[in-house]
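Presented below are the structures under discussion, each in the form of structure tokens.
Two complexes come next, and they have one chain in common, chain A, joined by chain B in the first and chain C in the second.
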Partner chain A sequence: MHRRGVGAGAIAKKKLAEAKYKERGTVLAEDQIVQMSKQLETFKSNLEEFASKHKQEIRKSSQFRVQFQDMCATIGVDPLASGKGFWSEMLGVGDFYYELGVQIIEVCLALKHRNGGLITLDELHHRVLKGRGKFAQDVSQDDLVRAIKKLKVMGNGFGMIPVGGSYLVQSVPAELNMDHTVVLQLAEKKGYVSVSEIRESLKWERERACHVLDHLLKEGLAWLDSQASGEPQYWLPALFSELTSRDVTPEEANQITP
Partner chain B sequence: MSFEWPWQYNFPPFFTLQPNVDTRQKQLAAWCSLALSYCRHHKLYTLDVMEAQESPVFNHKNIDRKLSTDAILIVFEELRKKGNLEWLDKNKTRCLVMWRRPEEWGKLIYQWVSKNGMANTVFTLYELANGDDTESEEFHGLEDWMLIRSLQALQMDGKAEVITMDDGKGVKFF
Partner chain C sequence: MDRFTWSNGLLEMNETLVIQQRGVKLYDGEDKAKLDVGIALLSTHQLIWRDLKNNECCIAIPLSQIIYFEEQAAGIGKSAKIVIHLHSAPANKEPGPYQQSKFSYIKLSFKEHGQIEFYRRLTEELSQKRWESTPMSQPIPTATDSQTGRTRAVGIVGIERKIEERRKETDKNISEAFEDLSKLMVKAKEMVELSRSIANKIKDKQGDITEDETIRFKSYLLSMGIANPVTRETHGSGTHYHLQLAKQLGDMLLAPLEERGGMMVLTEVYCLVNRARGMELLSPEDLVNACKMFESLKLPLRLRIFDSGVMVVQLQSHSEEEMISSALDNVTDKGSLTAEEFAKMLGLSVLLSKERLLLAEKMGHLCRDDSVEGLRFYPNLFNSQA
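Let's turn to the complex of A and B:
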């Protein structure tokens, strides 16, 4: 009749034990939380110190930016993930890429009437640097690529097509599928391409080749040269190297439609 | 100062009339601009279509490309529509090129007259366009037909009066 563990008393005791454990758990959790906040405070102030020390470097040095980005990637942080993010506000990294994005859009718009909205990364780089002037911050191709990726995410019609070891940057939403891309890559070598070249290199049928070339003409990305010896050639202003150093003339500027 | 060719001049397709309508529009605009600058640079006031075909503008020997006669006529038609060209004959073999319009010439001439305090003076056309006094002016060497039109433009503005003299025409400025 006096068995332990059963009966109202035992239940009450059990409940009391549970309550004590819970309290202990709560105390433990509270401890941890206090510890964590202290760590976070330290972390935060270290970060603030880091930020103020390196804010200048971030804006000035492209090499530093690359390393910074890599470090962020390692710990799973994307400093460009949101405009008002902790990181981007703290370090002004977001500002830098946002401004660069605006510059990129300006350059592409200014040249669109010439190249149909396709430009080599080299030429884009050259013009962005030119636009920034002698005393402005250094901008690397890595910076451009990141900024363009941001633009792509925001849906600005931007895209990058890998060609010959670098990229062609597309700034208009011209529909370019795999076939078009492959022909662009083929054209990259000489700046132009012909139906036979496409058939030889890619083993396509004539109709497929012509279809792609017609599309490029239609999108204003290619011009026809019917005085080439043998057969017509299709030239891309975007790949025409003579273009790189030429400024936009006032006449051309009048033709620009936003 | 040597003539500066636009980037299109070295781009082979520039000499092929483009099939795509939008691209063709840009191409023709660039051709008009090039033709006018070339004429302005070399002070050409008339063009003969046959000769134009062989001139460096439309025949780029270095890259072995030339604009066809048909295409040249299309460019000229564009210039005509813009008021920069006038055919001298019905067969369209020769034309006047107005890289500067008569009103613009008139203004330049009048500026020179005012600057030198020569209002109320009478000039012969020859003196104006070929005299020593105007040698450094842009309108020096201006061909008669254009000179007369420019003066007529000034006349409309009440700034000059074209008069007939014994041995030709003259002008009085106000």
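Let's turn to the complex of A and C:
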């Protein structure tokens, strides 16, 4: 008897709520979820059709990838959010970028002992291409940028600093504020910078310039050349051109830094 | 290849280097040019090629000589190429590597990739035509067809027409793809709006949503790549998929974690797992979401975020006190330690050994000496000898 009472009461309450909502013309969330499930099935088959016709475009054309990503961003969809997403599964965009992520991490790790965790996008691009080998698909710098954006969520300090028309890619959690960034940008032209250059170009006091340079030294991003004629020079290995640097294999890097 | 002239490879005053790419081999039409692999350089005015081994060997061609160019996709055993169709060489052309050629096009073969960027920049330069507004000191021989014989002119026109047709065809394919893509996006947008409406209702607790329905909804969001706005979380932003993943990781990571002293940086886990999978890779977000579920699934692993923002996976059996006391012992033993020295001693990465020292410092057991020579830790004598 007790049970029947509760049952009847609950059903009546629900019917009342439904009626109220229908009055206001509001659709119930449960109904909407059912609706979404149906729409999802339709969308999935549309996407499958699209993939069968155009999957190659995504693979071959970097320009198409850029457009595709922009369109997704506009409507509020992230095709790279999950490997289990439709976009990834059916268009294969996921694997392309996630694998690129692995390659980027490995390159940055191998060079960290030398440049402190800061590398130009150009150098990163060259090294990733080299590592991928002759038969792999080409990647553009835009592809790298998108892959790096995704890596940020793993909290290892991946970031990009605009410098001289391109970017420096940071792969360690070193704190770099506006002052540090500006000095990096100043150093970009020659690969090094000095205290008096900073004072001249940026009009800073000596203490401020020294503070910033000391921080870069401590983080391992800058090397001090105290034997330079005139005043000491602060060099940034990240900005060394490839012609003056030697390649280090991951094995060698491991020996230097366990 | 007879359009090229010998060059010193130096740029003029108004000329800028746009892009350079190593590992480029030249083709005279369909035949490999009798030159080695070298560097291709694109400036605002010219296309330059330099032999990598013999720097003296350097050739160039003005961009104005280019009629049209197109990509040739890579094949098995073949690198991707850019095919460049050229005007005929003017009569007053300086000498170059080839006296004559039966072809009116060349190819750049990209043995070390880089063709995408090169193609893009070449497109930009040829549409901007910056060489016209900033002429070099030497007059560039302009390409005119008036001097060529009738038969050659007809040949070129024929080629140009074929190129136009092929370009229209490619454009059509791309634009068809974009059209289809736009239609797809319209439908996707509807789904995004629908999901927002549902999310709002769940938030306001309207209606009677069951736990089951919420979980289902989350998996729909996952499939579509829509960010999860639902604040009422049952298992974090995770879904059934992430639950399964978490269990898999729980199995897979035990051995690697033991080998590495009980702790691994998340990016290292990402590389390890994805390299093992080979395909159907995990996204960074998948990994983070799965790791967040370790605790609720009572797995012996934990996701941990240090103050610095570094994220690690650690074995739960790995006690914090152990880490700190071992750090203190080691530092006391040696008098002082830097992160690098500590890393060498333990066989850990520098990043993780630094985190341990920082943790010990946070607990008051160590003091730091921060100078340009590096960050060094000492036992905190204020504490122990106070």
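Keep this in mind: the second predicted complex is superposed on the first by the 196 of 258 C-alpha atoms of A that agree within 3 Å, B and C clash if a C-alpha of one lies under 4 Å from a C-alpha of the other, contacts with A are read in each partner's own complex, and residues count from 1 in each chain.
Convention: a residue touches a chain if its C-beta (ideal position, glycine included) is under 8 Å from a C-beta of that chain, and two chains touch if they have at least 3 such contacts.
Values in this document were obtained by computation on a predicted structure and should not be read as measured data.
When the two structures are aligned on the shared chain, A:Ala73 is found in touch with neither chain B nor chain C. Touched residues of chain A were counted for both chain B and chain C, and C has more of them.
Contacts of A:Cys210 after superposition: neither chain B nor chain C is touched.
Of the two partner chains, chain B and chain C are each touched by A:Lys218. When the shared chain is aligned, chain B comes close enough to touch A:Phe240, but chain C does not. Of the two partner chains, neither chain B nor chain C is touched by A:Ile11. Touch criterion met: A:Gln227 reaches chain B, while chain C stays clear of it. Shared interface residues of chain A, touching chain B in one complex and chain C in the other, are 217-218, 224.
On the side of chain A, the complex with chain C involves touching residues 14, 17, 21, 26, 28-30, 32-33, 35-37, 39-40, 42-44, 46-47, 50, 53-54, 57, 60-64, 67-68, 71-72, 74-89, 94-95, 98-99, 101-102, 105-106, 125-126, 129-130, 132, 134-136, 138-141, 150-157, 172-173, 214, 217-218, 224, 257-258.
On the side of chain C, the complex with chain A involves touching residues 22, 73-74, 76, 79-80, 110-117, 120, 173-174, 177-178, 180-185, 187-192, 194-195, 197-198, 201-202, 206-209, 213, 216-217, 220, 222-227, 241, 265-267, 270-271, 274-275, 279-288, 305, 308-311, 340, 343-344, 347-351, 370-372, 374-375. Interface of chain A with chain B (complex): residues 113-114, 192, 217-218, 220, 223-228, 233, 235, 237, 240, 242-243, 246, 249, 251-252, 255.
Contact residues of chain B toward chain A in the complex are 6-7, 10-16, 18-20, 22-23, 26-27, 29-30, 33, 64-66.
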